[in-house]
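Naming follows writing order (A, B and C), and every chain is counted from residue 1.
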């Protein structure tokens, strides 16, 4: 064996052994102080930024650690159904089959945010691109294939759009953002409704799949000419370009806190299962600044669960105005949930017992 | 055994220049193929080594990750390293004894038809893709069985390790000379003591080699853990009764992120993982040469 | 497996008169472990087919070639067709790219390389074999995909665009083509190390005999080495194929996802294994999950066929060479 090869091998062996020793020592030191309770949750990546703020804040005030795994709304529903976690998080409400499979599960709306069409077009900066529902549907149906298509140019006079091919990006995992996005497209495009429909996972007519909101963000950031839909917090975090959407009232709005709050006003009465859809708010003056792709996000728990006391305390805490305002800033762009929904949420939460 | 195409007429001397030219071309193609392959391999390993080394720091091993952090606060993957250590150790503890017992049965006790059947079963087990093992363990243990845990992840990894450990152990047991067994039995030592106290220790080096190689392979497995130990938070835990984060899964998640800081941590973790696997393979090879010398010489 | 003389008294199964409790105990425990290992195999097969049962009873055998995947409630339709196509096309082309390179490297290492180069190159190949698939996938997403997208795909399309395989390049780094390159890199070490060992195992007398007849090196390789190693290389290729078919993680990282049967290698797609990896956690319904397990069952059958075939070839070749060696003086 050549001497150089041997020395390299010995060196890397020693290095590996040293790293191993440090790893053991370091991870033992990194172990947190003993906590009385841990509640485990999994699901929606849309609400993950909120939980990233809520978790540490709650831990600093109480003795409880909140462990959250951002795996997508679909996986959250599957996890809570299988009782792999104490709570599931999903932006999409349970459909009848899922509700039946989950048994005594209840869904409680605990945050309000939105999904945003996000793009990467050379020369077009953030907030510059304007889109309408039908045009967006046609893009994702594969009917509009280039950025300088007449239908896009018609609504973007004054913006120079390149003749670049459009690549659509979508979620490959079961996603609440997909649910909200396809719910909206189904409402603004009959073709979409009949050809594709709405769910946490659909049969996309084309495009590239990304795992989680961060996966789609990665695809868009690295693919010129791409457009996808991402939760607004990820758009901000990754400094991507978001589009203006034309709402039913005829205004081109951005996904800001006030715009999302306006959309939430569509809810006049909360149904018993808390299932609400606030995409595509209607035409009236109340919604003239509403963002048409807003969505509530739910925490799903079993009515009868051994972790009931800890879960109730945490979710009540999350529903308080103070906690809601913690996440309603220009960075995370959640909006405080309306009073009406808050009341319904707390009523549902009261049903949870050990 | 006939050599093809090497009949008299095709080896004509007057065709020699042409044959020499063909030979030259073929040799160049082989050099070219080797060069391309080496270039590709070199690029892959260089990418991991250089990108990983530049991002490698102690924080990676000692600090937990901070999910969705807007700041540049130091973070690492301590939860993943702890979890991998625990789960791989547990998997080895499960696979090693069973593997040795299977090898003992295969080598010392099994009649020929049973041996053929068992050999086939082990070959089939070795051919099951890791993701199918994940589905299997998910359906068997996770669903309706209380959810994910490090132990269940270890079981999935042990399923992957078992055929390899059993086969290599059986091979090494077969290499132990029969004269040893004969001598022991001749002295009146019962079969079981012969096997456990005489044959097994002679094969110990080879068994260790096989185990270390199996550990090296399984330390980088992602698919089975996706089903059994993936719903994890950022806290570092050594308790295998809950789901634990592991290094391959952490790399998987970070690789699909849009944040360059996440990519940096992924490269660094990949380098550490690769170094560990190389270290294990080197140890295995050194043990193998030592064992071979022991069993052959003396 | 080393060949063992089972009739040797030291190896005979326990039948003797001196009944030692320890002997019975050891044999029983070892037999139980072996029974357990065998049961494990059967359990895996049973669990997988049992998990797929809701989908099998709903869609039957036509699931296998039906190229559809629609989880939307009210229009559910699942089928393996497009993923089977994806698995076939990615594995086939990965094997196609990897084989000449692997054999080239094996030939290089055994016949052509100067002594000084052999060690490092062998070490390089072995190191690549040690790289976990998730790391190759990481490299594929961050390094290979963008490079392929920006340079190679454009060039291939410009030069060979008339072939449907090299259709319009994708703007994203993720595509079937990236997956093919990743898989080729992963199976290269397997095929090349097996080939190298086979070439090293060709009896020197055969090689020297041919050279003494006046053959050139290439003629000797073609006439002696290849025929001798042919069976083993076939087995190596099939093992590589099995590996490529079963790879889930690296492929799901770079393949892009899609339910299509496109011939354009630069488009996105999915394989059986990568579809399971990306969708299983978030399956929307029991039927969705059962269909994913059905994909797993198909994958299991394919992998088993590949592996058992490879083993059978290895055994046939070993027998033939054993006879041949015994036959010659």
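Methods note: a contact is a pair of C-beta atoms (placed from the backbone, for glycine too) under 8 Å apart; a residue touches a chain by one contact, two chains touch by 3 or more.
Owing to the predicted nature of the structure, the values given are computational and were not obtained by experimental measurement.
Sorting all chain pairs by how many C-beta pairs they have in contact places B-C at the top. For subunit C, the chain whose average C-alpha position is most distant is A. Subunit B and subunit C have Cα centroids lying 15 Å from one another.
Remark: subunit A and subunit B have CA centroids separated by 37 Å (rounded to whole angstrom). The residues of subunit A that reach two or more other chains are 71, 211, 218, listed in rising order.
For subunit B, the set of residues that touch two or more other chains comprises 230, 256, 278. Chain contacts: subunit C has residues 141, 281 touching two or more partner chains. Taken together, the subunit B residues at the contact with subunit C in this complex read 1-6, 10-11, 13, 19-20, 22-23, 26-27, 29-34, 36-38, 40-45, 47-48, 98, 101-102, 104-112, 115, 117-133, 135-136, 138-140, 159, 162-163, 166-167, 170-171, 174-175, 178, 181-182, 185, 190-193, 195-196, 216, 219-223, 226-227, 230, 248, 251-252, 255-256, 263, 266-267, 270, 273-274, 277-278, 281. Residues 1-6, 8-11, 13-14, 18, 20, 22-23, 25-27, 29-34, 36-38, 40-41, 43-44, 47-48, 50-51, 100-105, 107-109, 111-113, 121, 124-128, 130-139, 141-143, 185, 188, 192, 206, 209-210, 213-219, 221-224, 226-228, 242, 245-249, 253, 273, 276-277, 280-281, 292-293, 296, 299-300, 303-304, 306-308, 311, 324, 328 of subunit C touch subunit B in their complex. On the side of subunit A, the complex with subunit B involves touching residues 9, 12-13, 15-17, 19-20, 22-24, 26-32, 38, 40, 42, 48-49, 51-52, 65-71, 79, 82-85, 210-212, 214-215, 217-218, 220-221, 233-234, 237-238, 331. Of all the residues in subunit A, the ones that touch subunit C in their complex are 1-2, 5, 71-75, 77-78, 95, 97-98, 101, 164-165, 167, 169, 172-175, 196-204, 206-209, 211, 218-219, 222-226. The part of subunit B that touches subunit A in the complex is made up of residues 58, 61-64, 66-70, 78-79, 81-82, 85, 142-144, 146-148, 230-238, 242-243, 256-259, 262, 272, 275-276, 278-279, 282-283.
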